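I'd like to ask you about the structure that follows.
We just call them A, B, C and D in the order they show up, numbering each chain from 1.
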């Protein structure tokens, strides 16, 4: 046998790993921070619903976490050369992220996964999100707006002052409906009424979108089934590789009796809502 | 059997482990830096020749080294509450040390080991050092000065401008003799002549001290043997625990035919010069 | 001897039995898939190694399937497999237009199952078979084939009979004497041994009191295991004449050099790809630079170039 | 159940056979010496374990004797020993005024040598003997006693006959089936097993092409090995009825809790003491806080409290 001669690459290579400069990393409230990185291509090509895999630094005297941490793209702006994340301070990795300052750098891998799909025929979409799920849904609203769609955005939070990103949805031209736990407006029954109200008013959405809450998922699955409205949901799962190689991020999909395992990082993180078991 | 009740501690506990604040970490020249820490007791009780064991941070994108790094006490000032080190940027650990800034903190363990012993009868001592060995000898000169001894300090370096700490030795009242490679004055033959000159002038030292160079050790061993002058030398060896527990830092001492293994961290790092094989 | 300038002329190729690889770096089974094509040119690799396949369809283990540890990871992925037919229909064609040789990793619960699968994947486009014999042997109470020389010899003998493709045998580190297991594989006709699979480990969540893996125990990999697997590579390389492929904790070119010096002919990179997906081409470039700097015109001259101490105190305990 | 306020009242004691320890934390053999008395009050410890001693004088291994690895270290200290007489004259008296029980670790190249040394150290002031059977067995081609159930049974039987002190047997992780070895020790009368000694490893300096240890190979310890030794502790605790003492990579109270949950009755701390000499009293304090926070009035109730998944997919490969 002779030495194999490399030939030209035959696949596009839309994913990169690179240390990006931190431009800002400011608190949004006690639990959430907003990270802005300076980024070029392919990072700023990220589509709504796609995610990045972040190599968190060491922090608090602890060694750096061994795995990367998946994080939805909150904003990718090719013009400004910026990539943004909105994240919750949860465990070791995200807390270490919280310690980054402007001028530091962060190793980022992406964009990864399959994002939301917007059918060109849709005229009106509804997004229903809560907490950090809103970070995933905000870019979707903007993309829908750019495609000339109407958007109804129901934003759920514990308290009035904790609704995040309302202004971004509003700027995307969405009808924003904030709902909260403290006045009971975020309760399933109330959400049910709001959703049914849209149908009754002849204002039913062509598709519904959600992220990050099982309760909201079940609500929308039921809504979609009853009115024949398609939907998509972004789900979370622990990840090691983020590129479909390790099969640690599988979840059951489809037929409840004989579900099929799909990789959240590769087949998702956005899935058809009716096929999703829970998220 | 019943539960053992702890009794009062019966040993003094002169060693501590603590994160100390960095006050300064400035370059001395291209290869050496000078680190100043804010420290209380027992750190500032360190005697000349004793060392500390430093837990180096992560640096250059590399994880923190697993072992601590031993470093001679360059100055311990109980009044000012300061502990100082003079170190060479060598490998991973010392390079990571080099990245510390004022306001950072550094975990320090010590003081450790047995330092130099000054016999009260001695009136004149000679120290002969080179490179970073001077960091170890400078506090000795000051202690000798405080005990009213006369000091001859031969400071060897590659170039005139690389002699470190000459001012400290001078301030301790030492007769400072700088010798360099570039004018050949640091050559063994010349050092031999200087040393013999002292004897001929009736100015022989009562004891000689050295650190960190095999060539200088052999020169002084020969000198000491011929003129019956005692000597001490501080030696280096890779260390894990620094407290005499692991036996990784042993070296042969005494009888060349049947040497005895001693722990540098526990029995030293300062040893009787004539018993030391090499350093 | 070489000057630094000739970095382009270094012969990076290595020989693994009858196979010549353009360089010694390939993925470890189960840590590679088509997804990497999005990150770098797959044609740069020395070879491809597939995720282990089985004849029948399998779901894999309970979740969670991975956990982080100190400079390492535990996995109990199991071997989710769409079965042989799906492999032949979907996976094999992906590699057809690519240059590096394709090594297909296989597993089965019996020696005969191994032999049948080896025969069935001995197809055009497959350059060699890697037998992952760390799986439980149903005929030996579920103990892995690879933990004893006897069961290793049994399965390798049947495999050897079933295929004429080069046969690589991937050993398990969870054994007392891996050199003896390697000799058993060699004497039954293995063309190479891969040292090694993951080390069985465990982690517990002290908040929930539950194991961190759904499967309770799983395989440890990553930087943490490098000293152990490097030692085994050294022991095996001294025990057999067939090529040894080192695999465990390799994350940069220096790590790869360590394995080569210890006697490996080639290396596999697993966990490090999860952390830095482009690490394999980086290792290849780093190895080239290393050869240039140290004056090696042929990378393969590094293999086994360890300089052993003239005299090592013997009869002493390691600890 | 406890309230947070009762942290002072928690019963931290544990039972290791006939011995009651005031708490479960003790040093690992070879990682402790009188020097630690300079750092904290030695009376705080659950027990003392000496560096392994031998009958005759020994120098130990060639230098370098230690090397850093990813979150771990390699050592080939060997067993430098001043011999039994020096031990009795110099070391034993040091512990006499201290409260925690003294465990003397012993080693010998033959089963009879072990028995003789056990007899000779069965003295007042010695609370138990820890037999470090990871040393090469001169009657079995230099393979460690601890790698097989048979040689373990032989040496433990002789030890059991030689001393009436509690007998702890320290196992080696370099074996296929540590649970079988533990059962052998138990059936010959061991009072407890220590899991485990270091894992054989190696590191190479890619600049000099030389092994990083003068002895070429050495024992890996520290955080890196924790998942492996924790797994072995779990396996052994399920296999034997005698107490299991966990030892491998413990560096904080959480690590110790993992070992307790996996079934250990007590723990030994080694390498971590080199990095943080006061780590043992910190772990003791941390365990007390953990019990208080989680409502355990007795620390010993943590032992074996692992919550196993109801159903674990079986017949699956770990990797």
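Just so it is clear, contacts are C-beta pairs under 8 Å (C-beta built on N, C-alpha and C of every residue); 3 or more make two chains touch, one makes a residue touch a chain.
Bear in mind that the values here come from a model prediction, so they are computed numbers and not experimental data.
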| item | value |
| --- | --- |
| Any chain that touches subunit B and subunit A | none |
| By number of C-beta contact pairs, the top two chains | C-D |
| Gap in Å, rounded to a whole number, between the CA centres of subunit C and subunit A | 36 |
| Computed distance of Cα centres, subunit C from subunit B, in Å | 48 |
| Distance from the mean Cα position of subunit D to that of subunit C, given in whole angstrom | 32 |
| Junction residues of subunit D - those touching two or more other chains | 30, 59-60, 69-72, 75, 77 |
| Residues within subunit A bordering two or more other chains | 63 |
| Graph class of chain-chain contacts, one of line, ring, star, complete, other | ring |
| Full enumeration of touching chain pairs | A-B, A-C, B-D, C-D |
| Sites on subunit D touched by subunit B in the complex | 13, 18-22, 30-44, 51, 59-60, 63-66, 68-73, 75, 77, 80, 97-101, 222, 273-278 |
| Of all residues in subunit B, those that touch subunit A in their complex | 58, 63-64 |
| Contact footprint of subunit C on subunit D as seen in their complex | 30, 52, 58-62, 69-72, 74-79, 107, 109, 132, 134-136, 138, 142, 144, 147-148, 174-177, 197-204, 206, 208-211, 214-221, 223-228, 230-231, 234, 249, 254, 257-258, 261-262, 290, 305-309, 311-313, 315-319 |
| Subunit C-facing residues of subunit A, complex | 1-17, 55, 63, 65-68, 109, 238, 240-248, 250, 261, 266 |
